[in-house]
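As written, the chains take the letters A, B, C and D, and residue 1 is the first residue of each chain.
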Amino acid sequence: MNHPPSETLSRRRFLKDGLWTVSLAAAGAAAAALASRSRAKEWVWQIDPYKCIGCGRCATHCVLSESAVKCVHAFEMCGYCDLCTGYFHPDPKALQTGAEHQLCPTGAIRRRFIEEPYFEFTIDESRCIGCGKCVVGCAAFGNGSLFLQIRHDRCQNCNECAIGRVCPSGAIVRVPASAPYLLKVRNP
Amino acid sequence: MRQRSYKQAAKVEGGLIAVLLALTAFGAGFLAYWFVDRRFIRQDVPQAFRYSMEELTAIEPFLLIYRQIRPPIETGLQTAVALDVDSEGAVWAAGDQKILRFAADGRKDTEISLSSKPTAVKAADGVLYVALTDRIEIYSSSGQRVSAWAPVRTALLTSIAVGPEDVFAADALNKVIHRFDKQGNSRGLLGAKDSQRGIEGFVVPSPYFDVLIGRDGLLRATNPGRQRVEAYTFDGHLEWHWGIPSVKLEGFSGCCNPIALAQLPDGTFVTGEKGLVRVKVYDDQGRLLGVVAGPQQLGWKGPIRVCETPEECGSRGLDVAADGQGRIYVLEQVRNTILIFEKNE
Amino acid sequence: MGLILSAAAVQAAERFPPPQFETDYQMPTLTTPPPRAAVWEFVDVGVLAAALGLASWLTLRKRSRRGIAALSVFSLLYFGFWRQGCICSVGSLGNVVLSLFDSSYVLPLTAAAFFLLPIFFTLFFGRVFCGSVCPLGAIQDWVVFRPLSVPAWLETTLRLGAWLYLAAAVLFAAVGAGLLICRYDPFVAFFRLGFNTPLWLLGLLFLGVGVFIARPYCRFVCPYGLLLRQAGRLSFWHVRITPDECIQCRLCEDACPFGAIQPPTAPWPESMRPAERRRLVFLFGLLLVLMSLGGWLGYRVHAGLAAAHPTAELARQVRLRQAGLIAEPTDALRAFDVSGRTLQSLWTQEADVFRRFAWGGLLAGVFVGFVAGVKLIQMSIHFKRTDYEADRAGCLACGRCFAFCPRHRIWETGKPTDSGETS
Amino acid sequence: MNNHDESKYLLPQNPRYQAAVSSLIVSAVFLTITGLLLAVQFYHLKGTDERRSQKLEALRHVYQAGGTDEALAEEIRQLDVRYRRDHLARLQFLHRGSGLFVLFGAVFVGTILWVRSFHQKPPHPEPLEDRTAAQIQAARRARWAVSAGTAVLAAAALFWSFQGSQPPRKSAGGEESSESRPAFASWEQMNQNWPVFRGPQGAGICRFDNIPTEWDGASGKNIRWKVPVELPGHNSPIVWENRIFLTGADANRQEVYCFNAEDGALLWTGQVPLAPADQREEMTIMEDTGYAASTAAVNGAFVAAIFADGQAACFDFDGQRQWVRSLGVPSSAYGYASSLTVYENRLIIQFDQDYEPGRSKLIALDMATGKTLWERERPVPNSWTSPTVVEWNGQMQILTSGSPWLIAYDAADGRELWRLDCLGGDVAPTQIAAAGRIFAVYPYTHLAAVRPPQAASEQAQPELLWKAEGSIPDICSPVSDGRLVWTLDSEGVLECFDVQDGSRLYSQDLQAMFHASPVLVGDTLYLLSTKGRMILVRAARTFEQIGQNELPESFTASPAFAPGRIYLRGSRHLYCIENPR
């Protein structure tokens, strides 16, 4: 190592080395402390569906131009209603799939007839912008089987979630990456 | 690569630096401000992304033909499920693992504790019919168990109606109405899908399914998934039905309403809706006669709830009952209180 | 709590099943795409360590500006555009503070590593992290076209702003009001592509200014840089302009775009000694004054700062509504209404937030006052320097100065080609 | 510089230099174009697309509101598809475009470096100036600069601290009024307002001038204003200068209201949290008592209220809540109803409960902080009377009625001064002090006249002067002008006694029900019936009705007075009655 040409070990240099050792020790201690506190555990952001009020900011405030938040559907909670209040405009003229009857601003919900009188509703994620309009509609009248989740194939996992900052109900929380979703389930 | 001296034209530098720094400071400041949270205050979400029910909750005052006559009865139950009013005007409320009796002055005077969670209660024949998920038990009004019927296999009995010699129970799980005799022996099913009898069948997406026996001797049952009330003869002929799906007052709102039904002494019907919570009075042909209580009166806070635990957010609706004087009792399951309404003079 | 649990039991039993279908309809299940595999986090740490090692070797042994530049490009691509500027050492400061004050937040190993590794390397080799590993530094380093030499007095004064920013960032992270450093990271918008926030304008601004004032973020804003400055002061080995001895040729005098090259000191006239001593005494006194003043001011502004905390904001709105000043309820108020929360709980939480901000503001103020005082003292002591040296605190180890030194040229030509093995 | 000019001069001919420059220009152009396009797209993404979805939403509403309009439906479908296509295209463009932008940026940087490589100049130090001077000067400059910078920061912080919001406890906006205000008002000021139930000292005597004698709810005559009160409550209004305070509560909310006396505007509503639900279950609340029977009390700086569930709270005049105390839900046969009273900074709470003596207390809290100043056990079961603070030969005494004890405490430290066994039953009427006597009521049984001990010495005992029987009230408190004392029972029988010997002078049935206590204004008794009829009776040894006024509402709260004004709280509204100016 190309050391400085060692001039006489002046008081300053001695002082400096002393300081260096001390600070290195300090840094080491700090490191140890931090390491002991830290775990090989990563955090990711997720929406607590029971705190979400579907204000729509997930659609507008994500750092991604297409939000990482999407609506998901817990089918086993769904009533398979003909008049799905998550799918249809509050007072639909007809129970048909025309855009004019739909609630979703981007037509991201697919309605499929299964058997009288049941219909299946699925989310087309490529269209969903995560505004949560259907979430409110479903929760207001129905079983609340539609809810918002952060999709981790899209989420950049920012150190500070830009949506979480403006979430009016503080529904966006850190969860361990090992269990990255907070799903509504039939039997909690 | 070759290098060059950086210091030249020292005179201009000062000014330039000043300008640049000012620029940065300003720019950074401005952008920072741009991001300062005037959070929540600024309505920064396009209306198209919002589901607003507020305008639907307003009700013309002249339509409110009922008024609350005394402070609500606090049942003190964690999850109140059902209520009924007996011939003496006392209120029976079922929930948790008990049944409470509130005297006419609203004071709790009897408490019956049950083996499991009740799902429906009906005071008739001077006794109390109680549904416990899949079976019916009968209690004397003093609280002794008189008899317990054999359970129905995999059922969720959410309502009981008692006739001269029949007992009917609405089964939300199998979407049919069970018919028993007074000893609890099954006398068949009503309302199952049956094309040649023109019965489309019940649609019950959530555990709310109500039956009663009308003063005209016909059975009335809610069909929430079809937003209507249906009238059956005891042997299961669908006579007629009424009710239309609509958020407007005359209709039943949302996917699955009405969820509760009661009949007034004058033969008109009281209906209860969840979601956009409303209690309304209809005549036997489904003409809206007036509103008992709307979202405001029932303490509706908003279309969606926020809970610490999932359980709090479990679907909460209401149940209705009426007494001999035409008073209407509403059990709302969010605060588990009983509201009592009387018609305005 | 007990109540809630009992309610839980009740509800759980009663959750309503879906309809039984007569057709053979298969109910779909909802997909849950997993987040990035954990192993990648360790890869990142590995890459960071490797980059730091390489950087140290390039600056101290190889003395190659080209190598450093190349490495900075790599860092920019990997930590910048590939990892999209997250996680970065600068931001990890926030995580560390958060983990210290929020017991529910466990510090991820990667964050700890990203925070600690650069500091350690700096203690040994100087600010090689800033030189060629930090993506924020790299992106700025590539637009240093027409650097103007910022006079020392201006440089050190502007750095006060950085200290203030550091204090604010720590305060906000500690009280749980957000991670400022990440919130206002000017370049992350570039790294993410898809320019959908106005924040990338801030990035452009810094780059534009960076053409004339080299690396403005690193020098006048970066809070992590401040930590590394202090570590750099003590760095054991360090970038040296000349490979062997300085011949006082003065050719490197203006070589550094960051003004980090210090000329030899001239002897100060004896006549000044007493005056200096007196000044020093005065300044030590002033230090205390500044600290208390800072503390006082910090406390005074804590209420204003606290407004940035969601709880305080909500409480404020509730109060406004009680006073009838909010007609149309905001979303926060709606959320509050539909939650079972009592006002009492809100008030207590709010009081707690304000308490924490009061203490935090006070300490932050004391800290800033301390910094200002120490700066003043620093500038009244003068160390002796015989040669042209890189200022260990300010030097960003970019290696631009090497080429200016005739001794370096000779050393370069003189040394064997396979420089790797030379000792 | 000039000595490098020739190299510059040759450059333009250099083809590689030309190449470099032209590529620089090209890349610059590309960069700007992509930049602009990005900006445009960004603008559309944030602006146009949102406007479009708004428009679509509006159309949907039109369609769903109007009759079935196929054309419109078709249009909606068309727009829906088009807008979505555009939006997705935009997103894609933004993503790829920004990639390109960065790429071109890199190229741009590269070319610049290339071009610069032609402009190299060897370093060229200026002649060495006097370092010493320079360094000394530099150091000095730096010191000044830093000092200046610090000063600027400090100034900014100071400025902001004056601008910026204040901690919540100091009420926002309310400083100027609250700062000048003392912690409590003087005895005199108290007597010039209507600070507690039944006014100064709870005597039910109004000493203000030109109190209206005529009004009419139907025609609105002399009714200055009438405002709705959101939540019900049997408690009476209290008045401090231009503020009127009430409380209201139902099963779910407990609120304190502050109205502006001039126009009845609701200045603020204070929330008081409920007691825990499990405790509230035990409450028995009669409809005649309700959740808010206790009248609030104001001491000139703060207003305090208590509710049936034992939750006491205090607010400043700007509605900032100062504190809340949970005294525990009192077990009271009809529901807790005792009103609050104040003495200087002390809030006096008569907290009687249970069917047996034991848990009843008299509590004094510090009005400003809610801290307990002192507590006294009371040997009485639940009661519904209110404490009153009266001045007795120089000493401030708190009078309380319970069953069976009439007890006086030292208002300063709560020391019991004396007690007398003269009461019983469910005591609800509040004692009054007049003509050197205290008049307390044993419901349905007798009116007792008591002379308190003259000297403040220990052995001095109170003396029961007389007991008068008759239709003794169960709810309404008595009132006296010093010569005569009147009682009014809820059935509407007004009786008049002589304070000297308790002889009954008359007994008159007013043909109405009464819950509100009578008030003596000058030489007129104001008697407010439950049906809203205010009967005016001459305060004389013989009965003489001198007027009556109607309001179309039911009244249970006692009236409150201010100079020239009457404030009446009905079941739904608060009225202000005033003679025309």
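Keep this in mind: contacts are C-beta pairs under 8 Å (C-beta built on N, C-alpha and C of every residue); 3 or more make two chains touch, one makes a residue touch a chain.
If you're wondering where the values come from, they're calculated on a predicted model, not measured in any experiment.
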By CA centroid distance, what chain is farthest from chain B?
C
Higher C-beta contact count, A-C or A-D?
A-C
How many Å are there between the centre of chain A and the centre of chain C, using C-alpha atoms for each centre?
25
Quick one: chain A and chain D, Cα centre-to-centre, how many Å?
39
So what's the Cα centroid distance for chain B and chain C, whole Å?
53
Here the gap between chain A and chain B, centre to centre from mean Cα coordinates and rounded to Å, is 31
For chain B, what residues touch not just one other chain but two or more?
1-3, 5, 7, 37, 39-40, 45-46, 48-49, 205-206, 302, 304-312, 315
Note: chain A residues in touch with at least two other chains are 51, 53, 55, 57, 65, 79-80, 90-91, 105, 143, 165, 168-169, 188
Which chain D residues touch at least two other chains?
45, 53, 56-57, 91, 94-95, 123, 125, 278
Chain contact graph: line, ring, star, complete or other?
complete
Along chain B, where are the residues that touch chain A in the complex?
37, 39-40, 44-46, 48-51, 53, 56, 200-201, 203, 205-206, 225-227, 245-248, 253-257, 274-276, 302-313, 315
With touch defined as at the start, can you tell me which chain D residues reach chain B in the complex?
1, 50, 53-54, 56-57, 117, 119-126, 250-252, 277-278, 280-281, 284-285, 287, 290-291
If you look only at chain A, which of its residues touch chain D in the complex?
65-66, 89-93, 98-102, 105-107, 127
Tell me, which parts of chain D touch chain C in their complex?
38, 42, 45-46, 91, 94-95, 98-99, 101-102, 109, 112, 116, 123, 125, 128, 131-132, 135-136, 138-139, 141-150, 153-154, 157-158, 160-161, 163-169, 172, 266, 268-271, 273-274, 278, 319-321, 324
Chain C touches which residues of chain B in the complex?
1-3, 5-7, 13-14, 16-17, 20-21, 23-24, 27-28, 31-32, 34-37, 39-41, 43, 45, 78-79, 96, 117, 156, 172-173, 205-207, 301-302, 304-312, 314-315
